[in-house]
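Okay, here's the structure, questions in a sec.
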Amino acid sequence: MAAYENIYSGNRPDSNNWRSRIYDIIFEADTPAGKYFDILLIISILLSVLAVMLDSVKSFRIEHGELLYNIEWFFTILFTIEYSLRLICVKSKLRYSTSLFGIVDLLAIVPTYLSLFLPGSQFLLVIRILRVLRIFRILKLVKYLNEAELLIDALKASSRKITVFLFTVLTLVVILGSLMYLIEGEENGFTSIPISIHWAIVTLTTVGYGDIVPKTPLGIGLASVVMIMGYSIIAVPTGIVTAEMSLASLDARDKERNRIICDNCRNNNNDADALFCKHCGTKL
Amino acid sequence: MAAYENIYSGNRPDSNNWRSRIYDIIFEADTPAGKYFDILLIISILLSVLAVMLDSVKSFRIEHGELLYNIEWFFTILFTIEYSLRLICVKSKLRYSTSLFGIVDLLAIVPTYLSLFLPGSQFLLVIRILRVLRIFRILKLVKYLNEAELLIDALKASSRKITVFLFTVLTLVVILGSLMYLIEGEENGFTSIPISIHWAIVTLTTVGYGDIVPKTPLGIGLASVVMIMGYSIIAVPTGIVTAEMSLASLDARDKERNRIICDNCRNNNNDADALFCKHCGTKL
Amino acid sequence: MAAYENIYSGNRPDSNNWRSRIYDIIFEADTPAGKYFDILLIISILLSVLAVMLDSVKSFRIEHGELLYNIEWFFTILFTIEYSLRLICVKSKLRYSTSLFGIVDLLAIVPTYLSLFLPGSQFLLVIRILRVLRIFRILKLVKYLNEAELLIDALKASSRKITVFLFTVLTLVVILGSLMYLIEGEENGFTSIPISIHWAIVTLTTVGYGDIVPKTPLGIGLASVVMIMGYSIIAVPTGIVTAEMSLASLDARDKERNRIICDNCRNNNNDADALFCKHCGTKL
Amino acid sequence: MAAYENIYSGNRPDSNNWRSRIYDIIFEADTPAGKYFDILLIISILLSVLAVMLDSVKSFRIEHGELLYNIEWFFTILFTIEYSLRLICVKSKLRYSTSLFGIVDLLAIVPTYLSLFLPGSQFLLVIRILRVLRIFRILKLVKYLNEAELLIDALKASSRKITVFLFTVLTLVVILGSLMYLIEGEENGFTSIPISIHWAIVTLTTVGYGDIVPKTPLGIGLASVVMIMGYSIIAVPTGIVTAEMSLASLDARDKERNRIICDNCRNNNNDADALFCKHCGTKL
């Protein structure tokens, strides 16, 4: 999310001509024009994604196929114009077009052109939904981005613990799946080791489709063990993330709480129970 | 829940006539009559909801249809009288009838009358179950309401983080669902993008109905990724809410442990059981 | 668990005759004889429960029916003798026979006698598994009981919050289930409101049997909302219990950490940063 | 994981001949040769496991059976040579061959030889996946091992609480399963008590296969209770592990924030960035 800000800041053209005015409308949400542009854009994106979704519903496609086809091309041309404008008005074309949002903006129009040669690829247009992330710019932007950053920070801080956890889970399902393949065999639906590993994942994560279920007593027993295992070890990722978030919350609260400011050196980091400033030694 | 208190306080008629006496019985639970009224009311509500439920069971309806029809009308007339009394005895009719409880009280009788013109709408009567929320008034009211408020506060405090999380999940299922539609296709049950998104939600939330399951190797692989993802990211909402609740619990405990402030040195960090200030030794 | 200790302490016969010797063997696990008795008892319980389980497996019952019948009666007579001995050697017969363990001990033998008149009731013998709770007496008893008590304390402390949560969930599933009954109707498997409420519980708790699934677009949409709801609000009970357990853990650690002991009044509750004893004011 | 280090340290041959040079390559990852060896080894392991998996897919086996057979023998001979080299170059053969990694290394080659006499046992080769745990030696080893140790410590610290929890869950499913057997009976799919206990585990852990579902009203009601129970008590293992991890995180943070002790007043609560003692004002 921080990257999102970096992309834009500093890419505004220096000159104060029509390019910078377009930039303010398309890239910023501070001016009324910029805000209305963003709202219209998001409505267009949602409508176009809705059209793609409806296009995939057979009964709807048969009835309104031509209409949907036209809507698709309408939005694609609209977004193509928008993408061109974005390219034109930024200072560094390369920097925008290689940024995360630049790539998403491009991917949001390519599938329609591609569908001329490769029918079916128009369904890739749902990637447009990623463009809706711009919505955070319209809503009280900063606060939400801060929360998102707090979340991402907590996840980053626990990324090594989560790696170890995922690695253990993957090793576990490979071994458990293979065991079930040997125990149950092809006649009970465990047709291969990859399918059996898939079953182990379905069971350990407590998803439980039920399309493949153990039939032999030994298999049923092992499946029960896998379930109780999955039920218990879900506590591990939860514990990891929660511990990290609790720490972050505690820190945020500590920061909020009033610190005593020293009159002499303006150090504002004295504890509430301090008698002397810890930086200059003045009596508080 | 706080709104619940506000609705009632101050809506008691000022005069001390029969209206205020009815008010005390219907709206309050402090007097014996008020308490008995509330208990009778909740029993009536539960019985009427049970009757609506049984009415929906075909075999039961065929056998006892007329009885259930009579019970329904009996309770509806009873609740209509009660609603009228409530309207009559409050000071401000508008304020009561537009309050949350006023609306629920009205919705709890309308469906029966509506069913005269629109058969089937009587099943909407289950909304009466919301009226049972009054039960907290009979039980040691305040303590439960406080706990509920603590819960709601913790959820409110983390609402922005939860919004970011839900937004991410929704974006994820749209993209994952569309990918599965392209990979599996209509012949494997993924008949449209909305259906595939539904599958993605079913899988990510670890519900796992199993009515639609992937068949192709690529689809099975992606499904496994979605499951492990869902198994891991459930840690995020849990972490958010838990961190917030831990903070609230810590604060509540800190508040409980009253700290004594020393008159001599203004040290406010003395324990509740301290007899002498731990900083200057003055008797507290 | 605390009740468990109370039942036994003080129920030993005062006289030092054969009754008190039997008491030490049957009720206590401190003497070698008492320990061996408990281990033998637990093995007998597990074997008898296993026999009951196997008796319910048709193919096994047909082949070894008579053997299982004999085993059942063997253990029942054994446990009847044991129960009689327990009754004989305690000081207060009433106190033992009305205690939790006394009732379980009786329930563990009654079903076999009952099965003479009411075939099938012998399967109630699995209640014998509760007798295995005595196992905590053999393992490093106190530590496990302490942990169990910590768990129970944390659950008790959060019982009001959990009540509010369960109440909300129950109200939610009643309304959601009824809505689905109206939306999907009997032709899609939602044959009655109770069945639809059952579906709502199956979906909200992320169990997801898949025997009843929505078919209409509106139903599928509502089901998706219910799933994401269930996926998110599982955070609430988790948050409640975790916050309570974290507090308990913090308190336990704080207690463990060295407190400064006052040389004058032997008060051992002074904080690490205290300069004067908070009870007697002596300089530390 | 700590054991992993102990196995190796001190098992290096003292003499500085070819044996110790091989040891450095095979057992250590500090030298370039050692690192390349480990990377090649892990690629070989992953390829061989992949071959075993593909061998279990019928269509693939029919087409490429001979190729897979050759690959299997190629890797088995490779790993046999590697195992022999490991045995040769360690100081204590017994210590290596009885260590966890030594056993895994042996188990990773035995099944192929075994499959000559016992067809099908070659699928046990997936145990090779455990050898990939060596990957932590190549990645920034120590940090990941530390995180793993933190995780294991937290789990160990809460092992008694988890034992009590698992014991309660097992007792619960035995009783709930038996009750469902009596309520639903063989005609509704609950063919025996073990199968019914399996159903109880499937339901309580929210896996929900849906191959066995209750049909009678009483059974449906009890199933709903089991689900809400399972949905709520998942909070218990989560709470246990999270509380333990939060404590560990707090401790780690406290340790990080070195406190400075004042030479004058022995106040040990000065922050790391303090220049003067906050109690007596002495320069630190």
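Here the chain labels run A, B, C and D in written order, and each chain numbers its own residues starting at 1.
Convention: contacts are C-beta pairs under 8 Å (C-beta built on N, C-alpha and C of every residue); 3 or more make two chains touch, one makes a residue touch a chain.
All figures in this text were calculated on a predicted structure; none of them were measured in a lab.
Q: Looking at A-C, C-D or B-D, which one is a repeat of the A-D interface (more than half the contact pairs shared)?
A: Interface equivalent to A-D: C-D.
Q: Give me the rotation angle that lays the C-alpha atoms of subunit C onto its copy subunit D, rounded to the nearest 5 degrees.
A: Rotation angle between the two copies comes out at 90 degrees.
Q: Taking the mean of the CA coordinates per chain, how far is subunit B from subunit C in Å?
A: Taking the average C-alpha coordinate of subunit B and of subunit C, the gap between them is 28 Å.
Q: Starting from the mean Cα coordinates of subunit A and subunit C, work out the distance between those two points in Å.
A: That pair's centroid distance is 41 Å.
Q: Would you give the residues of subunit D that are in contact with at least 2 other chains, written as numbers and ranges?
A: In subunit D, 194, 197, 206-210, 230, 234, 238, 240, 242, 244, 246, 279 touch at least two other chains.
Q: So in the complex, which bits of subunit A are touching subunit C?
A: It comes out as residues 206-210, 238, 242, 246.
Q: Which stretch or stretches of subunit D touch subunit A in the complex?
A: Counting only subunit D, the residues touching subunit A are 49, 52-53, 56-58, 120, 123-124, 126-127, 129-130, 132-133, 135, 143-144, 147-148, 150-151, 154-155, 162, 166, 169, 194-195, 197-198, 201-202, 204-211, 230, 234, 237-238, 240-242, 244-246, 248-250, 253, 270-271, 273-281, 283.
Q: In the complex, go through subunit D and note every residue touching subunit C.
A: 160-161, 163-165, 167, 171, 174-175, 178, 181-182, 186, 191-194, 197, 203, 206-210, 213, 217, 220, 223-224, 227-228, 230-232, 234-236, 238-240, 242-244, 246-247, 265, 267-269, 279
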